[in-house]
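Letters A, B and C mark the chains in the order given here, with residues in each chain numbered from 1 onward.
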Amino acid sequence: MRLRLVRRDTASRMAMIAAPVAALVLSCLASLILFALLGKPAGAALYALLLKPFLTWYSFSEVLLKMTPLLLIAQGLAIGFRANVFNIGAEGQFIIGAICASALPVWYPDGAVPMMLPAMIVAGALGGMAYALIAAVLRTRFGASEILVTLMMSLIAVQILNYLLLGPWKDPRGFNFPQSVMFPGNALLPILLPGTRTTIAFAFALIASALAYLMMQHHFRGYQLRTAGLAPRAAGYAGFNAPGMVLLSLALGGLAAGLAGASEVAGPLGQLQRSVSSGYGYAAIIVAYLGGLNPIGIVASSFLISVIYIGGDSATVSAALPVAAVEVFQGFLLVFYLLTFTSIRYRIEVASPQGSGAR
Amino acid sequence: MTSQAPALLRLSGVSKRYGAVQANSGIDLAVLAGSIHAVLGENGAGKSTLMKMIYGVEQPDEGQILWNGAQVQMTRPSDAQALGIGMVFQHFSLFETLSVVQNVALMVPGKQADLAAKIKVLGEQFGLTVDPGAMVHRLSVGERQRVEIIRCLLLEPKLLILDEPTSVLPPQSVRLLFATLRSLQEKGMAILFISHKLDEIRELCDEATVLRGGRVTGRVDPRQHSAADLAKLMIGHEMPKLDAAKTRAAGEVCLSISGLSHRPKTRFGTALQSINLDLRAGQIVGIAGISGNGQQELAALISGEALSERAEMITLMGQKVGRMGPAQRRALGFAFVPEERLGRGAVPEMSLADNSLLTAHRLGMLRGGFIRRAAERAFTKDCIAEFDVRTPGPEAEAGAMSGGNLQKFIIGREIMLNPKVMLVSQPTWGVDVGAAAAIRRRLLQLRDQGAALLVISEELEELFEICDILHVLRAGQLSAPLQAANTTAQDIGAHMIGAQA
Amino acid sequence: MSALEFLLAGTLAAALPLLLAALGEMVVERTGVLNLGLEGMMALGAVIAFICVYHSGSHILGFAVAALVSAAFAMIFAGLVLGVRANEVAAGLAIGVLGLGLSALFGKTYESQTIKGLPDFGLPLLSNIPVIGPTLLTQDLVVWLTIIGTVVLWYVLNKTKLGLIITAVGENSVAARAIGYPVVAIRCAAVAFGGAMCGLAGAYAATVYTPLWADGMIAGRGWIALALVVFGTWQTGRVAFGAVLFGLLSIGQLSVQAMGVALPSQLLSSLPYLATILMLVVISRRRMSLG
């Protein structure tokens, strides 16, 4: 007996929804088994991971807070992924965005700067963009792989952050902790939902999603990017500017990541810290793929991943799970998503053995 | 023909389907030892699928394959090789970064030094001389075919399959190949010769099985039948005839190439050497020659996908465009139908409507950069209707269409741009006879409307049918213009092998 | 110990995880597959080896199990890419994330535990040579085995039919399939080999080079190994040269810090990454201009 994959004639809309749902179910099963093998209370862990975040208004608002940077970054990354530009260094662009946004409040901790907050947001977004553009230029000018360059740039960004927080930007009254001064009030984003920590950056992220949707699905620029990803030679044939699309992809990815970084220091953190990112840049890659690289899908997937983050926090307490469990669950999600998505795109056909078909 | 000894290879009731497409259905075929047997059929008739099953690349859904009278199951090519079946592919299965002897060693057991000696001996015996130490990417297409044949012969096959072997050869080299095949036949080898070229089959083969639409439509002795008879079996009706191209008074020069030289981007490419060409309005100029002699490079340089060294090397509508990209050239009234449809002329994963957008977006399909879906659909519907594209509608994915239908769509899209200059590369590769005739008629119509057309093609008959002027591209060099009316196929062939007086 | 002696003694050991992982990935890429999940496979190999050695005390067992587990783990990638034809980049990142997560999960209870490393020994006679004898020519067993292994790999890839087949599959998989080679199986085997090499690389990092477990100890070495393959233009010798160069750089950075040079340590820590970017630019640019 031989199996073979047969591509379906049309990609059904159902597949876009069915694949992530199936991936979620499979990830839960795999995690249950794994946690049980490690002697952890598996049921309690999953309960904490997936359901607890919905039980109180506050924990739900924390989900939205977590969702903000993930959604922003993932929307930016997905644009590039669609065009086969693999920016996997959003982590670094996020950190540089956070640093650039922190410069003003660190230099003027009394807040004596007009338009402090808007300036910080702009500085963060532009900083992230400029950092990503380094990789774009190296790719378009020299052909250096943006995958490796953006990644190396992320590792360097961490060192820059460490340098600043251990040296010039360390809070002199911070008991030698590697963190900056607390930002003044006019350097903080307004709260969106009263009684929570969710800032108006969440609204930015939703607006960015809407813009991404308009561009990718209805604007010619998005069409060009999609063409470049699906069939680079067709894009060349039509005369779409290939270096321009690499630059645009990385610029938008860096811009979104930088904005997310700025929103984080001017939002829930209120200062620049060493753990400013906690892996958002990498998690956003998973978010982007899990959302099918589709702006609407990404809203859903960023929500799901945020639930798992917040659930993971409570699982560390209630089910004695290490924080790494969240990472494992995310890994499972992406693996199973890739499995189910392609399986839905193709049908598996059993080729009947030779000679048996004398019907 | 009913001998008592079992046929060397016999297929009985073999069927194969891919998804919704029934590629082969109930095929019966018998190849006798020592015969040259033709499988004749036009593109899409199911020849390739049949050969893949005989060579173990694919397995039949139904039916049996018998080798010397015994049923066999081949699940991979090595099974076929073990039985004594060798195959020479149309698009060669050689490795360009390796040497000839390394390519051979991948298939034939033995030390490379011994193999090199054997390659030389076989080469002299059958007129297949090739240097065993040469790197494959340096070889001409004809030499590559020899390597491929030698590699098969070293496995001492009883049956040798050749898939469209003459499509890559100039007429004179076809003679040499036929001589080689006849001497192999004398040694007792059976040959399965796949082709759609009627005259060649009538000249070479003892028997022919004709396929149409995946079924056998005839079993004949090709020497006893006229080309017209065979054509009728092959396509089901008489060959479509084009009205003889009436040459018109040519207008002004629309595209001019002067002293165009180009170094290849990769070591597998062909260098172009000071090419000169003038193309006038109301004229079709053809470029003959075997693909791989600089055709791809020249087409990319004219379309703007590759840039020339200096702007003045290519002039389009009076402007020096050598350093301009494709979009700027299109804005001057240029259109282009590339040889690869999927992935270059069209995006396989996108709908036809979205594929219209690829080059026709200038025709009012955008407003403020946003896509006007209604305009996109209307254009696509027009193109489908006007150019007889058989498809469920504008939402169908390009990748799901047959080669001929997709080509009609792409040519239709480019013609609907109202180009002043159009470059068409291999207009009818892999297209069935009916669609090919329709495509040629469209090209003539466009010429009659005053456009200038440049057609690059391997099909000599096609070029003679539609062109006013012919050039031959060989090893990166373009011949002087030849008036089509005063030129014969033999003249062109002489240019193709570089033996012109 | 002088700075020079420090460099001579430490470079090869520092280069080893990079070398093993890069050679494995080189074979994978030569068959035409790109696996970005090196970091995760190395981390998984590292924690598995550490746990084995911690409980059994046997380095042989640790290395063997790490190689097997990482190879099996790489089969997830193979299944996604070669089986259901998922996007290569996404699949590589997926197993990268999963591997890092699993390593942190499994290693949780071993955090900051230490084990015994492997003794160094010199080559007979040669280790009596002054300066390089007790330093460069005194290494642990794994270093010596890896040097032999690298030569063997070079021979297999360049002088044997297996090497020819690997090149053929990578250059033109359609043709390789047409003449009868099981392309998917060959690529699967290469991915498994790449996984096993990453497992060994991780095992060396966690049980010999720094015999202790700490989350995140692979610290980007998987990515540098990936860049080394590009740097080495898929040639065994050049990849090995690149790995040694990077080993030298990371040891050099330590000794510079030890000497108390007035440079921020973060700048020195960034050097390998900066060097990787620089090297990518130089190599890619040369490839571009050669065309």
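Note that in this section contacts are C-beta pairs under 8 Å (C-beta built on N, C-alpha and C of every residue); 3 or more make two chains touch, one makes a residue touch a chain.
Bear in mind the structure is a predicted one, so any value in this text is a computation, not a measurement.
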Remark   = Greatest Cα-centre separation from subunit C belongs to chain B
Query = Where are there more C-beta contacts: A-B or A-C?
reply = A-C
Key: Averaged-CA centre spacing for the pair subunit C and subunit B, given as whole angstrom   = 46
Task = Round to the nearest whole Å and give the separation of the Cα centres of subunit A and subunit B.
result = 46
Message = Quick check: how many Å separate the C-alpha centres of subunit A and subunit C?
response = 28
Request  = Show which residues of subunit B lie in contact with subunit A when the two form their complex.
outcome  = 13, 15, 18-20, 59-65, 71, 73, 75, 303-305, 325-330, 336, 338, 340, 342-350, 354, 357-359, 361, 366, 369-371, 397, 400
Message = Can you tell me which positions in subunit C touch subunit B when the two form their complex?
response = 161, 164-165, 167-168, 171-172, 174-182, 291
Query = Where on subunit A does subunit C make contact in their complex?
reply = 5, 34, 38, 86, 88, 138, 142-145, 147-149, 151-153, 155-156, 159-160, 162-163, 166-167, 282, 285-286, 289, 322-332, 334-335, 338-339, 341-343, 346
Contact footprint of subunit A on subunit C as seen in their complex = 36, 40, 76, 79-80, 84-87, 89-91, 93-95, 97-106, 108, 215, 220, 223, 226-227, 230, 264, 266-267, 269-270, 273-274, 276-277, 280-281, 284-285, 287-288
Remark   = subunit B contacts subunit C in the complex at 56-57, 76-78, 81, 87, 89, 92-98, 102, 105-107, 263-267
